[in-house]
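Here the chain labels run A, B, C, D and E in written order, and each chain numbers its own residues starting at 1.
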């Protein structure tokens, strides 16, 4: 038996199966649920490590199942997919720990963790998809699996947020479906190929290809929250904190951004897209979204909403990096996939901690919180600095490569965008840090809970600390062989230099 | 042993078994459930037997009475018939299991004989190669359907059943008049012989019009769908499931069969008309479904819109290929599974809360997770999201529409999918929230929950079985020939 | 001879005119009772038409079922309808609603168009077409009977008839499912009705047997015989026939399914022996068909009478 | 025009008259009558056209079909009448009322 | 000779039918109409049957014809009685000048 042909499938199943079992578990079997969750996460981590090692050595991992007589479901591990798979696997483990702490004692946990696992399954599937139809399959599955998480609380606001979310994503899904069928009809294949599979196509199809590109990017842009398709994201903040964390850092938004990378690299190919002239508009949209998101974030008092608009802005770095269409910018964009994930998840964990421990939901309530919860706020600070792009946190690396890449590609205007965005980031993060650390502590918090001697529960405290450290490490240890930056370089090399 | 199995007359058995079971269940009312379930299981096994036989030997052909066409009646089974028989057996089995717990003793005594005879009628319909015989089977299906629809007895159910009866009788009569014209044009009622003998003459055109109109009425093609929502929404849950999943498909099958074999080469314009009506049905049905406040009405209108998809194949088939036909077969299959699951879910919810108002579903997700899960899975197939049978059908159809540059069809399909998502998630959303007035819920038997879930899961799983199912569809090459022979 | 042809032609035209105007009157008369009476008359005239078309088998069936039983069913329904509610008012208000031009004139135009279209289609059919006459003639010797219609019904297209028996049973099942239990009506106090019954019912049974027997060679057969039997049943029901409850359970059900049951069993047995559904051995075809017809006659009679009752029969407790 | 054709034309006219009644008349009993008249029309056409055969006897196959059809018709009529009675009992009206929303 | 008698009987029968029908149309109330109808029809049919029986090929055919007449007599008389009785019970009053 050829194990290599099944590992990608196992990776998907390693979260699918626990998820399905968890659905059947009675509410009170906390131990079993935790065990299943963590076992799945650890197995997935091991499998992914194996694949990373293998791919590093040039092995080939591919699962192929017949879907239609002439169309297969393909799961394939390449550098780009593994990049994203590794991110989601690690963050799933961390988030699971966090969610276990966060949801302790609240109702419907079996359902929650079931869909949580499905969500990760879909993300991993999106990452490993070897052709557009497989990608579409998992992309839609992601929509379906996240919906119950968003409406989890069962309030009317949650239901409405869920409706909004669906209105956007179903519409986006339909656009992708249309683009995919059309593409299939033109080319007869949907297989992801490095540098695209369209360069040989008859030029008479170019107009059609432009529309297909627009369809696909618009469809993906919904999840990636590209302006003006970002409307669902701030509303989706009604979901529990671990969900927001997962949605923003790993699952939904990233799946969209990752999809954009996929479409440009492996469907159209960077050069071909640049020749078609479709990357420049995308770069403009991304740039606009960066500024727009930051501006909106500036005026949010609700902490999670501020973070949400920050996500709108930050994720577009990825699209921007890819759309600049140069090797160095690519490194910047792709590496931001991981960096933004690490930093943003830290921030959301911290926001969740504040809400859970002290009942703080608003920026204006954060005065002096640094003294009450020093560890949480330390992690928050690292994340926030990273977002601003201050060295040595990971965000700096991304912005550096983006800037250099833009110069190299002759798109100097991008620098202005980056600078403007960084300034805005400062404007909406630094006041938070200032009031948290330096303003006086109020007499009472909105709704305080005590967790023994620590500032909050262990399960809530550890995850942000770990992710914050990882964000730091990603910025400091860029030279190590498996660092995100090195891996991003491999991806860029494959896209630009390999024969 | 192997010979015995492949030589057995599975096709004939498929007709006689349920009819006999129906008679037995009428004769021994105290054992209806046992007789019913045994019969339905035996029918399912016979379908497997027939499938095995067809895969080994190609088409099944049986001259009833040994006379053969044109004098006698021929039974005929190719891939398409087998496919429909399979759908019927699958849905029938699921609904039968559900019905075990759904009906009380008195209702069960009335339900099972009717349902078994309906099953016999459906099987006979899918196996017939004779248009007059098809008329008789249509009447069996229609009358059994009306009897079933009126089973629950309330004013709304009776009203729905009455509409259904009027529509189905009118449809049958139109069909019969068409049959009469065809008989006198060609001197036979055997489908293959008709295909050889018919020419494009006024009576044949008139017959085409009448048959199309009659069958469209029975299939509830927009704008002839007016009877369907009330009839399907007010019947009891297993009955609604059978009506929406199977009975509507039976008349559509005849439509498809006659089109494939007799009318396809003689029609210009009619196919476009049917396509246009299909498109209108998709949009209108979805919009109506979106406006409904009652779950069962919503599901019924969803049937109206899903029937529209089936008719999109006709404009495509004019220069279409195998994939257009397999698309429609796939849509039939997945819609049958998903829609029956949905109606069973509605039955569970009504049993649970005593009503089916969408806005008052009242945290059904927590209380009936399996049921709501079934609804969601069935919904995935109805919306045509991957991975599901509905997606495969839609994908094939979209592909074909794009191949032929039929952008109108493409857009309608996309809009239809989005609208379907809108009405399905409307339900799911309310299933999470708390109703303003909570009421004491009643427990739902596990059998009812699980049978609904199984049907819904089947609707998803068929999304992964495209290759084997297309192999089955290809038996006898009717479909392929028609695709290529234009 | 020519004079006869002319007279017949005249008669045809007169008959056509009468049938058509009766149909129109059935549809247009305001009074439902009148409409039903006219419908019965329509059915009787249709029987005449069948005779003119040399279709005596259908004439018999039409007279017995089409005009007789259907009429009786409708009368009974009308009677019950008026006992449920004063329907006249509803009908009147419905009439007022439809006086609008579009709802009445447009269908009328459509009607004319349909007639013209279909008429054109009919007229373009070939003048002479044999249909399946030669095939039937050729195989009559193997059919086991001498009446071609019976041969088609029970042998060549016997499968249709099997399914048709199922349709009849289905109608009854649905009616029973809908109607609930219905007590047999009380014994009529009317002496004439009773004596009429006593004379007529045996005669009807005799006629039924005759029709069944003669069906093999001449017009007649299971359906005609069965409907005559059904008429006898209706008569008995009207006169307040008393049946004990125990006969109304299993025995009645048995008779009701006898026709389709024997058909199915015969089909299965022949499938096993002859390897074909309803493939009779030529030598045995005659009595097999008679057996089927006898069973069918009983079932049809019982079913039609039961349909007239409109519910699951229940013995009255008068004694 | 020969007499079978006259009767065939009568058949389709009856069919249309019945159809007209079915659409225009609202009382259910009348609709049921209309369906019966439509059926008679079809049967008439079926048999009348069977008289076109060159031989002495008319085509027996339509005859058998019509007998089948008559039995089907009486079955359907009986069911329809019972349903109508039950409906009147339940709703008090022998007319199907359409909510304007359900009209198409 | 036989043909002549046949025709005679048939014509006489037709005359009775005509008279009965005229009565049906012209008479003032239910009871008188019933009277005209049944009486005329019974005699008229009897005459017609006689006329036809003369033409019959065999005795059995003639017998059947007579049987029909007998049945119609029986049914006609009984039904006329039933209708009249029903009408009386429902309060339909006989016509008076």
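Assume contacts are C-beta pairs under 8 Å (C-beta built on N, C-alpha and C of every residue); 3 or more make two chains touch, one makes a residue touch a chain.
None of the values given here were measured: they were computed from a predicted structure.
The set of chains in contact with chain B as well as chain C comprises D. Steps from chain B to chain D, taking the shortest chain of touch contacts, total 1.
Counting only contacts among the remaining chains, removing chain C from consideration leaves the groups A, B, D | E.
When you average the Cα atoms of each chain and compare centres, the chain farthest from chain E turns out to be A.
At the far end from chain C, in terms of centres built from Cα atoms, lies A.
Here the largest set of C-beta contact pairs joins the chains C-D.
If each chain is reduced to the average of its C-alpha atoms, the one that sits nearest the average of all protein C-alpha atoms is B. Centroids built from CA atoms put chain E at 32 Å from chain D.
In this assembly, the C-alpha centroid of chain A lies 43 Å from the C-alpha centroid of chain B. Chain geometry summary: the mean Cα position of chain B and that of chain E are 56 Å apart.
Per-chain Cα centroids separate chain A from chain C by 73 Å. Counting partners per residue, chain B has 132, 136, 139, 143, 146-147, 150, 153, 183-184 as the residues that reach two or more other chains.
In chain E, no residue touches two or more other chains.
Listed for chain C are residues 118, 122, 125, 129-132, 136, 156-157, 160, 164, 167, 170-171, 174, 178, each touching two or more other chains. Of all possible chain pairings, those that touch are A-B, B-C, B-D, C-D, C-E. Interface residues of chain B, counted against chain D in their complex, comprise 132, 136, 139, 143, 146-147, 150, 153-155, 158-159, 161-163, 165-166, 169-170, 173, 176-177, 180, 183-184, 222-223, 225-226, 229-230, 284.
Partner chain C is touched in their complex by these residues of chain D: 3-10, 12-21, 23-27, 29-30, 32-34, 36-37, 40, 43-45, 47-55, 57-68, 70-79, 81-86, 88-89, 92-95. Across the complex, chain B is touched by residues 117-118, 120-122, 124-125, 129-132, 135-136, 139, 155-160, 163-164, 166-167, 169-171, 173-174, 176-178, 250, 253-254, 256-257, 260-261, 264-265, 267-268, 271, 274, 276-280 of chain C.
Of all the residues in chain D, the ones that touch chain B in their complex are 12, 15, 19, 22, 28, 31, 35, 38-39, 42, 45-46, 49-50, 52, 61-62, 65, 68-69, 72, 75-76, 79-80, 83-84, 86-87, 90-91, 96, 98, 102-104. Those residues of chain C that touch chain D in the complex are listed here as 8-9, 12-13, 16, 19-20, 23-24, 26-27, 32, 35-36, 39, 42-43, 46, 49-50, 52-55, 57-58, 61-62, 65-66, 69-70, 73-74, 76-78, 80-81, 84-85, 87, 90-91, 94, 97-98, 103-104, 107-108, 110-112, 114-115, 118-119, 122-123, 125-134, 136-137, 148-149, 151-153, 156-157, 160-161, 164, 167-168, 170-172, 174-175, 178-179, 221, 223, 300, 304, 307-308, 310-311.
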